[in-house]
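Common to both upcoming complexes is chain A, partnered first by chain B, then by chain C.
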Partner chain A sequence: MKDLGLWGQLIYYFSHNGMYVLSQFNQTFLVSIYGVLLGAIVGIPLGIWISQYRRLSPVIIGAANVIQTVPSLAMLSILMLGLGLGQTTVVVTVFLYSLLPIIKNTYTGMLSVDPDVLDAGKGMGMTRWQVMMTIRIPLSLSVIIAGIRNALVIGIGITVIGSFIGSGGLGDIIIRGTNATNGGAIILAGALPTALMAIITDLVLSFIEKRLTPKTSSEH
Partner chain B sequence: MRNKLRKWLAAFLVAVVLLPLGGCALPGLAGSGNNTVRIASQNTTEQQIMAYMIAGMISHYTNLHTSIINNLGSGNVSFNALKNNNADISSIRFNGTDLTTILDEKFERDPAKVNTIVTQEFQKRYQMTYFKSYGFADTYAWMVKQSYAKKHHLETVSDLKKLAPNMTVGIDQIWQNRQGDGYPAFQKMYGYSFGKVLPMQTGLLYDALSADKMDAILGYSTDGRVGSYHLKLLKDDRQFFPPYDASPVATDAILKQHPALKGVLNRLVGKISLTTMQKLNYQVDDQLEEPQTVATNFLKQHHYFEGGK
Partner chain C sequence: MLLSMEHLRKEYPNGKVAVDDFNLQVDRGEFIAFIGTSGSGKTTTMRMINRMLNQTSGTITIDGKDISKMDPVKLRRSIGYVIQNTGLMPHMTIQENIEIVPKLLGWSKEKRAEQAHKMIELAQLPDDMLQRYPGELSGGQQQRIGVVRALAADQQIILMDEPFGALDPITRESLQDLVKHLQEDLGKTFIFVTHDMDEALHLATRVVIMSHGKQVQVDTPENILRHPANEFVTNLIGEERLIRAQPNILTVSQIMLKTPVSITPDKTLDDAIDLMHDRRVDTLLVTDDKGVLQGFVDLDDINRITDGTTPISRFTNRKVFYVQANSLIGDTVDRILKQGVKNVPVVDAKKHLVGIVTRTALVDIVYDALRGAPDADEEPASPINADIHAAANHEGGDTAE
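Right, the complex of A and B next:
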C-alpha cells in the first residue's frame, strides 16, 4: 500500500469502497437536510412573527444566540443524555443550530421590504394576509434562503462531529482514518466528500438566492 | 419567469411551514422504528467488521432494517447503550472483560468458568443473551519489533525482566488499573516493572512502536497490524493473560420481538477463527478497505453460512 502514494491510495480506496462512501454521504446529507428543514419549519414562522411583534424580537433572537454559543460537541453530549445515541440526536442538534441564522434572516428580510411597496399594496385594498403572502414573503425570500444556506453549511459540519455519538456518516470514515495504519488517505476520503457537499449545497442555494433577489421594477 | 419561480417557492415554503411537526418520519434515516435492529459497535476495527457482518446477516435472512451505532469509546459505553435501550445488539463482547468490569465479579482464569458465570449473570441481572463465541479469542500480548527482539534475544515475556527498568512501553487505557489481569497483578506475577508506561488509544500503539517511540507495547493478539508491521509477539510464559472469547450479545427484548434473530446470530457461532479475524483486520487496517466492504465480501464468499445450521 505504501508504494501507491497518498493520491494513489485515495483512488484505490474509492474504487474498493465506493458504495460504502456513497451510502455514508447520503446519510450525512439527509441528517443535515432534515435538521435544517425542521429549523426552517420552526424558524421562518418565528421570524415572521417577531417581525410583526417587534418587541418580542430581542427575546427570541437572544435565545437563539445563546444556543449558538454552546460548542457543538457539548450540545451533542447534553442532548445525548436525554435522547440517547444515534441520528435523532444529531438531527435535533442541527435543528437547534439552524434556528439562529434562519430566524435572524427571516426577521431582517421582512423588515427590509420597501415600505413604499407595502403602502402600494395596502392602497390597493389588500388585506394584511394578502400583503404578507404576495409582497412581504416573496420579496424577502432571497434573504431567507441566505439564512438556510448558512444553516446548512453549519449543519453539515455538526453532522460530521455527530459520528462521535454513533450517528454514522462521513465522520465515521474520518475517525477510522485516525485509527488506521497510515490512515492519511482514509481521512481524506472522508473529508473531501464532506467539503464537496458543503461547497455544492452552498453553490446551489446561492444560485437560488440570486434568482430570487428582487430587481428594480423596470427589469420585469 | 422569475415571478413564477418566486410564487412557486413561496407556496412551497408555506407548505413546509404548515407541515405538522409530529408527522415527520424522516425517510431514509434509520430511526428507532419497530423494524430496525440497532447494533452497537466500538471504535476498533474488529468491532466494526463484526457489526457489519451481523447487519449483513440480518438483512440477508430477515426483512428487518439495521442501523449501526458506531465509534463507541469502550465496552462500558456499548454495554450501557444496550442497557438504556439505545441499541439492541453489541457486536463483540469479551467475556473475561465483562466479568471484571460490567459484572464486577472476582477475576477468574478458567475460561469455562468465566463463560458460565458471564452468561448466567447477564441473563439474570440485565436480561441480555450472551451468545456462544464466534470462534476466536482475543488476548493481550506483549509485542516488540523483530530487530529489537533479535538484538536482545527476546522470546518470552520473562525475557524482558533485565531490560524493563529502562524500557518505555505503551498500553491501552483500561489495562493500567485493571483488577485481576491489569498492570498491578502483572508486576506481581512477573516480578518486574517497566521504566515508563504510557497509556494511549490502542490504534496509536502500533504506530508508536513502529516509529521507535517505544520499546514494547501491549497489543491485541487478533490485531491485523501485528502482520502489517511484522511485530514479534512475546510468549506469555507464565500464562498471565487469559484468553477472552468473543461473542455477540443481544437484549432479550429484541430476541422476543424478532425471534428469527437468534437463529441468524447463531449461524456465526464458531465460524470465525483467530487467523480469519487477523486476516480480516489486516484487510481493514492495512489494505484500505472499509469494515463494511470486508464484512460483505466475507459473507458472500461463505454464502452467508447457509449450509451450517
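Right, the complex of A and C next:
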C-alpha cells in the first residue's frame, strides 16, 4: 500500500471500506440533523416570542451568545460529565450551538417585516395568529431558513469533534488516521466526506431557502 | 348618525395627552378631513375609531353601538383602512390582497373572485393586473389598490391616514378623484387625515382642524375659508389661499355699504337736490315706502329740469342694474364690471334695497385675488383682506394657544 500515492491510498481505502464510510457518514449526518432539528423546535418559537416581547430579547440572545463562546470541545466535555459518553451528549451540544443562529435569525426576520404591512393586516381585522401565519412567518421564512443553514454547518463540525466522546461517525475515521503512521489517506477519507456533507447540506438548504421565499414578482 | 365621537381623550402611557375632548358627529356619506400640525393627534383620533388604539375616556358609537363593547377584530373587518405606504402584502398577488377581508369574513372563493374583478374595475386598472404582485405596480397604482381593498367587503366607513402623501401631484389628483367618486356616487363615508390643505378643502364635506390634541374648528370648507376661527386657522390655511378664495366665498352683502342714500318717489326735485348735497352723492336710489327698489336719479338728469316741485317719480331712471345680497362676488363681478356703472344697488330676495356696492370695493377684491398674498409690509387693496393679512403676519401666529 505504501507504493501508492496519497490519492491512490484514498481510493484503495474507499473501495475496501465503502460501506463503513457510508454508515459513518449517515451517523454524522443524523446526529447533526437531530441536534439542529431540536434547535429549530426550541429556537424558532423562542425567536418569535422575543420578537413580540422585545424586552426579553437581550436576555435570551445574550444567553445563546454565551453558549456560542464556549469552545465546542469544552462544551462536549462538560456535558459528558452529566450525560456520559455517546451520541446523546453530541446531539445536545449541537442543539445548544444551533440555538444562537436560529433564534437570532428568527428574531431578525420577524422584526424585518415591514411595520406598515403588519399595521394594515391588523387594521383589516386579522387576529394575532392570522398576522403571524399569513404575514410574519411567510415574510421572514427565508431568513429563518438561513439561520438553520448556519446551524447545520456548525452542527456537522461539532458532530465530527464529538467522536472524541464516543459518538462515532466520520470523526472516528479521522481519529483513526491521526493515530496511524502515515495515516494521511485515512484522515482524508474522514475529512472529505465531512466537507462534502457540509457543502451539500448548505446547497440543499439554500435551494429550500429560495423556494420558500415568498414570491413577490409574477415573472419567474 | 353613523359615527359619533364624544369627549374622546387619549393619554399615552408616557403621560402624553394626544387627544383631548374630541367631539364629532358624522353622517353617512360625509367626507371628513382631519388637518393640523404634526403631532396634533389626527392619527391618534383616527386609530381610535377602529380600535387600533383604545381611548382613555369618552365614547365612540357606530350606528348607535358603542364600539368598546364590540369585538375589535370584527369591528376592523367592517371598517376600511388605508395607510400612507399602502400596506399591501408584498407576497400576495393583487387579487389576494383585495380578497383579504372577504376571506377573513369567510366568503366563498367564487364570490371573492367576483369581488376582486369588481374592485379592480372600480380602481380603473386593467383586470390582468390582479395576478401581479404589488412590487410590480407603480406607487399610484398600488395606492389605488390600497383604496379599493378597503372597500372589498362593502365597508361603509373608510379610514385613511395621509393616503396620498407620498404621491406626486398629478397621481394624487387622480386618486382624489377616485375617492371623491366613492364618496359622492357610492355614498361611502370617509375619515381622511391629510397635511395638504388644498386636498382637505377640495375633498371634504367638513374639515376638522386640530392643534395640540384639540379641535380648533370643525366646519365646511366654505365656512372655514369665510370665517377662520382664529389666527392659527388663518395661518394653516395660508393668506394666499384665503385671499384667492375671497371672490368665491364672500357674498355681496359682506362688501356692500349698508347705508345707501335713497329717496321715495313722492318727494320733489328740491328734496332730491338737498339730499344729494347733504350726503355729498351724485346718485340717489329710489325706493317705494316699503323699501322696494324702483330706480335711481342721477345728477345729470336733474340738471335738465327747472321746476323744483317736480315729483321724483317723473324723472326716475327705472333701468336700474342691481345685485342680490347673497350672491357670491365671483359670480357677479363680471356683470358689474361690464355694466360700467360706478355703484350697484344691492337688494334682498324681495327686491328691498339693503345696500350699495362701489366699483372700487369690487375691484380691490378682484385685484387681491389675482395678486395673491401681499408682502408683509404691504397692505392688501381691499380692507376686507386686511384682517387676513394682519393675522397671517402677526408674530407667533404659528401656535393656537
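Methods note: the second predicted complex is superposed on the first by the 213 of 220 C-alpha atoms of A that agree within 3 Å, B and C clash if a C-alpha of one lies under 4 Å from a C-alpha of the other, contacts with A are read in each partner's own complex, and residues count from 1 in each chain.
Convention: a residue touches a chain if its C-beta (ideal position, glycine included) is under 8 Å from a C-beta of that chain, and two chains touch if they have at least 3 such contacts.
Since this is a predicted model, take the numbers as computed values, not measurements.
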item	value
First (chain B), second (chain C), both or neither touched by A:I156	neither
Partner chain in contact with A:V92 - chain B first, chain C second, else both or neither	neither
Touch count on chain A, higher of chain B and chain C	B
Contacts of A:P138 with chain B and chain C, given as first, second, both or neither	both
Touched partner set for A:N26, first chain B, second chain C, both or neither	first
Partner chain in contact with A:I44 - chain B first, chain C second, else both or neither	first
Touching partner for A:T178 - first (chain B), second (chain C), both, neither	first
Touching partner for A:D116 - first (chain B), second (chain C), both, neither	second
Interface residues of chain A shared between complexes with chain B and chain C	138, 215
Touching residues (chain side chain A, partner chain C) in the complex	114, 116-117, 119-127, 130, 134-135, 138-139, 214-218
List of chain B residues in touch with chain A within their complex	2-3, 5-7, 9-10, 13-14, 16-17, 19, 21, 24, 26, 28-32, 38, 40, 43-45, 48, 67-72, 81, 84-87, 201, 203, 206-207, 225, 228-229, 284-293
Touching residues on chain A, where the partner in the complex is chain B	1, 9, 12-13, 16-17, 19-21, 26-27, 30-31, 34, 37-38, 40-42, 44-45, 84-88, 91, 133, 137-138, 141, 144, 163-164, 166, 168, 172-173, 175-176, 178-181, 185-186, 208, 211-212, 215, 220
Parts of chain C lying in touch with chain A, wherever the complex brings them together	50, 52, 73-78, 81, 83-91, 93, 100-101, 104, 131-136, 149, 159
